[in-house]
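In the two complexes that follow, chain A is the common piece, with chain B as its partner first and chain C second.
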Partner chain A sequence: MTKFTFPESIKSRPIYGTLEAREGSAHLLVADAHGAEALLEVATPEMMAKAHIMYIPKGEDFEAKLRALKPASFYSGPSYAAAEPRLLKTLEDARMGLQVYLAGTEGLMGQAMNAAMAAGIPYTAIQTEHRGSVARRMQCVHCKGITEDVETDPFVCSHCGLNLFVRDHYSRRLAAYQGVCIDAEDPGNVPEPKGIYE
Partner chain B sequence: MTIQFNDESFRDDYSFYNSERAIKRFPFPFHEDSYMYSVNMEQHRGGPKDSVYEKRFDVDEHYVSEMRDRALVLADDPLRCQSLPHMTLAGWDLLELIMVSKSEDYPDLFELHRDGNTWRWINKPLGIDDTFTFLDEATLPYGPMEYITRQAQGDFAVLDQRDDNLWMDAGMVTTQADWSLDFDIGMNFFEWHAPVPLAHEKGIFVRALKFLLNIQQGAPARRLNWTMTVNPLLDTSPENYHKWGIQKTTLTPENIGAKQHLRVELQTFFRLPRSNALVFPIRCYLCSFQDLMTVPKWGRRLHRVVRDLPVELATYKGFIANRPMMLDYLENFDDGLPTSPGIWPDLETEPPLKT
Partner chain C sequence: MSGAEKIAVTVTDIVPLNDLVTRFEFKRTDGGPLPTFSGGAHTVVEMRDGDTTRLNPYSLMSDPMDQSAYTISVRRDDQGRGGSLYMHTKVAVGDEMVISYPVNLFSLDLRAKKHLFLAGGIGITPFLAQIKQLERFNGHWELHYASRTESLGSYVDELTSHHPNETHIYYDDQKQTIDLVNLLEGQPLGTHVYVCGPKGMIDWVRQTAAAEGWPREAIHYEEFLAPQPGKPFEVKLAVSNKVISVGENESLLEAMERAGVDAPYLCRGGACGQCETNVIDYSGNFIHRDHWLDDEEHAGGQKIMPCVSRFEGKTLVLDR
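After this line comes the complex of A and B, so read on.
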């Protein structure tokens, strides 16, 4: 089960769709972990002939299947940060008519979306589909440090060590949700962490 | 009239205080005995003499000390003042609006002398006398928005208008009711309001945005908003919440009258001429419960409003835990008599508290 139906939420929270194959002069597909499943579903031989797939496995075993799609160019890398220079170069070199497909975790999609928008890709040419982990990319509002792949609420800021609760307030600019000190009014009273949607 | 500026602090020893004049002109935000969110906007075309509505940008006894507090906040955290690259022109628009308004409305305190693009700005309370070239950033010590908002009380959000929406693309935010400019910058009207309870469902933000998009140059608007703050702390930022949050737990029945403050924001909206941006000054006024209680009408009304406020609002505004203690205090100032409509103190006509 790698599709998750997000509950109704506040208006800053992004909404994701379902990838569909579109006409394009070229296709850039970026995914992490279970996002590979969405790429496997959307890929067509015609698309793959003009496709560049960038994949961050995060321990999942989809690489062979993605390679078997025979995209014109394939990359697998250890993290978004490692993949970013290649992604930026690809976006910079993009011609009119590029279609962008993003799939996987919110953190990956949010960051790749920003990179694409900054490169001037029209947002009507960018699609997203959430798959796999519902972990969040969190900004600590106090120290401003980002903690990737946060699975529990509350959690400990990986930079300043404060106990933070996970808000639904989301910044597209930062591609992150906001984390706020949970025990400011009662120091040391930190509830047992639970999964974010539990 | 000349203003006596207080020498006071909004942190540490909290020497902040309101003079009798400041209490009388405090913008009490409740026009009736209950409160709910609404599209409470009206034209900003002056108001009763000496009220906070009279001038375009109210300057009061707290001016000099508030500007000192702002400088301290910025020295600690420069991210409280940000402007996306396309907002520089709007910054000049804002600088012009404030300099022109203040020099016309308070000629004894501020002077603006313009000779073409060469401008001389004199700010007597802060001891500033600068000459610069309008629209040339290199001639000011800061960007135009930062320069002028270091000399103007209240926070400022500067909104770019495009795609039938407003975008928070610049701001100076050091006296905020617990929201982060650094987090919200770049968001649109619905996104930055996302955390507010109940108002989206009531259609308030859709109607409010429509109103704002149509604001014309020279026809500013205003509204009041409010929350509660323990101690006269201006910088109730989320950034520093892990430091100030604990102060909410220091209230006792003995100190609540002095420590608990009603925090009111006079929010105004001005269209800017060159950039077509909208500027949203958020001016914060603080008044302790005990000072508010010197106005019988406000004593009666504040008790009723706090008592009947929906739980969602008291929670969002961060005083749900302290509400019972507030009510124990406030009920002593509510004798059950009716109150006159409107926000003004009506000291001559409202009866004193029955004991």
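After this line comes the complex of A and C, so read on.
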């Protein structure tokens, strides 16, 4: 099960779509883990002839299938942080008409979207499709530290150790959801952690 | 009173530029400063021509930060309904006129990394103000300006001498045309394109940019439609309880105003959406000319933009 229907939420929460092939002078496809499935579905030979695929496997085994699409250029790296300099350089050198496709986890899509927006692409023109893990990239509102791939609510901030409640309040600038101390008034009174959508 | 707030001004300078275009300068009659504006803004000029009042929008072309005077350039249209002819033949230095506060429906998107301006003919005017605005903070821009002939190329000399590296001029009669596909494909990521000119040019740029994969939000255009003459027709205004007839040479909006009905408006050119009016009943055909309503709404018979659209048929009842 790599597709997930997110429950309806507040306005700040991002909504993801389904990738569609669009006309463009070049195509940049960025995915992690099961996001590869969305790339495999949207890819066309015409698109691949002008495509750069950047993939972060996170332990999944899609690399051979993606390479078989024969994109003009293919990169695989261990993390978004490792891929970021290449992504920024690709965007810096890009020309108008570039189409951006993002697929996979929210953390990956959010950060790559941030980079694409900073490069001058309106966020409405950047396509996204969620696949795979529903884990979130969280920012602790108290120490500002980011904890990646948070799967439970509440969770412990990996920086300051506070017990944080997972909010749907999202920051496009930080590409992260807000985590707020859950036991500030009654220290130690922390509910049993459970899956974010359980 | 509908529309933007009004300013009483005096005509302080009139400069004919070529066979078709004349520049007018306005200063506040009370001597005070005019409001600053943003590049791309227009003002609606009131022309009292005998019994006829025309309200025509013109792009402001002066420096947006210059509060001492506004300038506009008016292209004479001999086939039009007479607004531009009135400006060219009846207005003299020293005349007192009324203009509206600036309204901007064609503003720069300041998030753009680069601004690509495409002008056709008199469509150069909003860019003159936008260029002055961008020059203040060292903005990145490039202009491609097509004119019919060298002699009709308003402001070409000023542009090429002040901005030789940013300005590219094309003369139709010398078979020079903008190499649009090439131009668009070469633009760095984050470029926004702005086009102002004849309808054919605007459609060409919008379609080509869309086909090249440009985001909709990065394509900006301004097209003022002058209301076109047409067959006279009658309209019942349900709220005002009036039956008015729209003459051959006036718009539905102008006819309502003549009848003393305070109908909303802003651009008077089919672009801003302010005058959108609900249709209560009709029997006949709409002649929709705006680019505010979408195709479905045009076919639906529920709405009309009285600033530019007309009607042919037996009955039209509006919620106004």
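Throughout what follows, the second predicted complex is superposed on the first by the 194 of 198 C-alpha atoms of A that agree within 3 Å, B and C clash if a C-alpha of one lies under 4 Å from a C-alpha of the other, contacts with A are read in each partner's own complex, and residues count from 1 in each chain.
Quick note on the criterion: a contact is a pair of C-beta atoms (placed from the backbone, for glycine too) under 8 Å apart; a residue touches a chain by one contact, two chains touch by 3 or more.
Keep in mind the model is a prediction, meaning the values are calculated, not measured.
With both complexes superposed, B is the one of chain B and chain C in contact with more chain A residues. In the overlay built on the shared chain, the residue A:I121 is in contact with chain C alone; chain B does not reach it.
By the touch criterion defined above, A:Q178 lies against chain B but remains apart from chain C after alignment on the C-alpha atoms of chain A.
By the touch criterion stated above, A:A103 is placed in contact with neither chain B nor chain C.
After overlaying the two complexes on the shared chain, residue contacts for A:A94 are found with chain C alone; chain B is out of touch.
Legend: residue contacts after superposition of the two complexes on their common chain; A:G24 is shown touching chain C, with no touch to chain B.
Legend: residue contacts after superposition of the two complexes on their common chain; A:H142 is shown touching chain B, with no touch to chain C. In the superposition on chain A, no residue of chain A contacts both chain B and chain C.
Residues 22-25, 91-92, 94-99, 119-122, 124-125 of chain A are the ones touching chain C in the complex. The residues of chain B lying in touch with chain A in their complex are 79, 180, 182-187, 190-195, 200, 238-246, 248-249, 321. Those residues of chain A whose C-beta lies close enough to touch chain B in the complex are 10-13, 139, 141-142, 144, 162, 167-174, 178, 180-181, 184-187. Listed in rising order, the residues of chain C touching chain A in the complex are 111-113, 184-191, 210-218.
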